[in-house]
Amino acid sequence: MKISTRLLALLDRVAPPTTVHAHCDIPCGVYDPEQARIEAESCFKIAQKYADSDDETFRQRCLIVKEERAELAKHHISVLFSDRFKPEHLDEFPNLQDTFWRALKQCSEVKRSMDPSEGQKLLDLIDEIDDMWKKTGGLEETRVNGRPG
Amino acid sequence: MKISTRLLALLDRVAPPTTVHAHCDIPCGVYDPEQARIEAESCFKIAQKYADSDDETFRQRCLIVKEERAELAKHHISVLFSDRFKPEHLDEFPNLQDTFWRALKQCSEVKRSMDPSEGQKLLDLIDEIDDMWKKTGGLEETRVNGRPG
Amino acid sequence: MKISTRLLALLDRVAPPTTVHAHCDIPCGVYDPEQARIEAESCFKIAQKYADSDDETFRQRCLIVKEERAELAKHHISVLFSDRFKPEHLDEFPNLQDTFWRALKQCSEVKRSMDPSEGQKLLDLIDEIDDMWKKTGGLEETRVNGRPG
Amino acid sequence: MKISTRLLALLDRVAPPTTVHAHCDIPCGVYDPEQARIEAESCFKIAQKYADSDDETFRQRCLIVKEERAELAKHHISVLFSDRFKPEHLDEFPNLQDTFWRALKQCSEVKRSMDPSEGQKLLDLIDEIDDMWKKTGGLEETRVNGRPG
Amino acid sequence: MKISTRLLALLDRVAPPTTVHAHCDIPCGVYDPEQARIEAESCFKIAQKYADSDDETFRQRCLIVKEERAELAKHHISVLFSDRFKPEHLDEFPNLQDTFWRALKQCSEVKRSMDPSEGQKLLDLIDEIDDMWKKTGGLEETRVNGRPG
Amino acid sequence: MKISTRLLALLDRVAPPTTVHAHCDIPCGVYDPEQARIEAESCFKIAQKYADSDDETFRQRCLIVKEERAELAKHHISVLFSDRFKPEHLDEFPNLQDTFWRALKQCSEVKRSMDPSEGQKLLDLIDEIDDMWKKTGGLEETRVNGRPG
């Protein structure tokens, strides 16, 4: 790592910016793992329906749509990783980078497999991300008001 | 796989729902107005930040990103309209088509305006849609398990 | 610039239309059901070719491309619904909302089925939309000049 | 050019394939310059409205949307070029490649300029493409039925 | 900023290039056939892996992803054609338009076929484009610095 | 097919690599940081041109296009992170996750800023990724043949 980059990184830790961060890079300040979870649930359900069907057209469509949904889950996870979480969160969550890496990799597994258990593993990893999201403010900090009770 | 998921899967086989629906046309059976709400909240926040800023680069980026986020909100609302709700729901919700029409049109208003109140109107309309979604099954029927408590 | 275009531009300044509309939300004022029809025709032809072929690679590609084309048809129909037509049109077309709803739903049917008759039903519904489009101005109001004769 | 490529090209001219071609690469057999024209008309109208407005938000949105619409026009022109027209058409239209090249380049000009005359030049070039399209079958050969009279 | 970058920036002001060009229409001045080649290599490898596999899920995914990768190759080739090369290049490369036309058409062939040799033909055509790109400046003129040695 | 390609294909069968990887999740086995670098160079050049111009239309377009190009750079970096590199690479590159995280975050910085030095920082980070890519096989392992010399 270059000296300048190191100094910058150090500065980041000493004086974390007070500004908020967002799912759209503005940053708009709105984030929620539900976006990734909904797409991952779609993958999970598609794999279940695929297993239950013997209609060839339906089964081929399952592959097409799951490919697309898993890519969306991957995108949403990547945005949370790059924009929501910051170096100062590493103290509380030393496995943060690794958890996200495994979640991103699991999206690729979900693309490759028709086994619902791969979708379930992805959902479990999103739960781990959700846990970090909650502990760093969750709904109160990164949503406007969320769903009315 | 979690016990709850297993039970759900078992139940799926024993008592398949008579109507299927999905946010991806398979249909995968997963729907949630949160997708539209998160994008609409983003538009709302961007309009607020735009008003608070006098940085010209930032303000121009606000327009670019809001345009994109409002389009995503519109897409998610359109999917709920075309795929989640069905003719049999008109008995319970005679204004269903009109509510969705107004919500879709409000997305265009949100694109055109930098006034956060237009974003708030969209959020209110999504709450109306959310209400119909809840009354027709909500989380229990159209999600795998949703966010853990 | 052509004389006709100049005259049109002049007219625009002298007598600006009281309602504006657009396929891009600006609104730019340009709309045409041909956009949806062309994609729907593509779906229809793909289903025909699928039935006539026994080449497995070709048939699988048919599913992939039809999925995409039906989504585009759906998008174009949704834009006409949300941006071209307005509450004042309900007097003349009381079934407007229902026609669009059925057309959007038919796009999903077209995705699900390899039967050309589902594509034909979509084309028929687009003809109904086209009829409303013509009665509210058609080419003269929502195109610059359209195809030269 | 390699010998093998030349031979292939030669073969193409001697024994043109009887198969049809399409805007989606299947090929589905559906093509129409109207797709490009509608987007180009949108660019033209946006430039006019931009000139007539002094609302800064509106004017910035014009740039954003025109950029996107010109890209769509470019895409539709590129598809007609690569998939609809074939080596055997060069005999009748020796300028075919050059016309398409100029049309594609004009899309970039339309992106760069807010002058409606650049949009008009694009429309004129699309008319030239439309003319070739008509002379090679037009509506009868590349559409299912087109708009009802 | 690095010294080299500063010098480059200085040079840009002193001796602005007489022709500008860009892969993004700004024009930003950055172009490289590697973008198309990487996608074409992906298509080539997918076709090889398809032939070597008898896993039906994997093989169907190959079709889905190759369709998308070939479309990206086509897009990158189209951008080089419309934005990088200009009428003045026709003197040196009289077959310029024809080479690009054949390359674009070959992308469609790559979509249609699972034979790696179709991917190889595309790679050969991209090499021809690469040759023209090198002779008109290549890395030095259309990249900032490229990959460090 | 070229001899070199044939040999490569033969080799693939004789000694299949123990780990496969791909920029498209198949995995197709093709990866190259050049994809991210080209987009990052585009951002860098756009920021330079923005600074040198006082044309308001041009400057607004710079923001629009840089937003899009930075998003593409981010996507390509994310793919390398999730699909090319694997847990076993952590031994050799203990900072792997952190380097990618900083690169992804830098893409967001590039979106936010019109300062070319932010683009330069991104290029430097991509060089760090490129270095890891080279040390784990580079062109020989993750490309078919790359650019001819």
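All chains are identified by letter, namely A, B, C, D, E and F, in their written order; residue positions are counted from 1 within each chain.
One rule holds for everything that comes next: a contact is a pair of C-beta atoms (placed from the backbone, for glycine too) under 8 Å apart; a residue touches a chain by one contact, two chains touch by 3 or more.
Bear in mind the structure is a predicted one, so any value in this text is a computation, not a measurement.
Asker: I need the common contact partners of chain B and chain D, sorted by label.
Answerer: Touches both chain B and chain D: C, F.
Asker: Which chains does chain C share as contact partners with chain D?
Answerer: Touches both chain C and chain D: B, E.
Asker: Over half of interface residue numbers shared between chain D and chain F means same, under half means different, so which is it?
Answerer: different
Asker: Chain E and chain F share one sequence, so how far apart are they rotationally when you fit their Cα atoms? Give it in degrees, rounded to a multiple of 5.
Answerer: Resulting rotation angle: about 180 degrees.
Asker: If you line up contacts by residue number, which pair in C-E, E-F or C-D shares over half of them with B-D? Let me know.
Answerer: Within C-E, E-F or C-D, the interface duplicating B-D belongs to C-E.
Asker: Just curious, how far off is chain D from chain A if you go by their C-alpha centres, in Å?
Answerer: 39
Asker: Taking the mean of the C-alpha atoms as each chain's centre, how many Å separate chain A from chain F?
Answerer: 21
Asker: Pull out every residue in chain C that's touching 2 or more other chains.
Answerer: Answer for chain C, listing residues that touch two or more other chains: 25, 58, 60-61, 64-65, 111-112.
Asker: Touching pairs of chains, which are they?
Answerer: Taking the chains two at a time, the touching pairs are A-B, A-C, A-E, A-F, B-C, B-D, B-F, C-D, C-E, D-E, D-F, E-F.
Asker: Any idea which chain F residues touch chain D in the complex?
Answerer: Contacts found on chain F: 57-58, 60-61, 64-65.
Asker: Quick check: in the complex, which residue numbers of chain C touch chain D?
Answerer: Residues 1-2, 5, 9, 12-13, 22-26, 28-30, 32-35, 37-38, 41-42, 44-46, 49, 58, 61-62, 65, 68-69, 123, 127, 130, 143-148 of chain C touch chain D in their complex.
Asker: In the complex, go through chain E and note every residue touching chain D.
Answerer: So the residues of chain E touching chain D come out as 25, 27, 67, 71, 74, 78, 81-83, 95, 97-99, 101-102, 104-105, 107-108, 111-112, 121, 124-125, 128.
Asker: In the complex of these two chains, what residues of chain D are touching chain F?
Answerer: Counting only chain D, the residues touching chain F are 60, 63-64, 67, 111-114.
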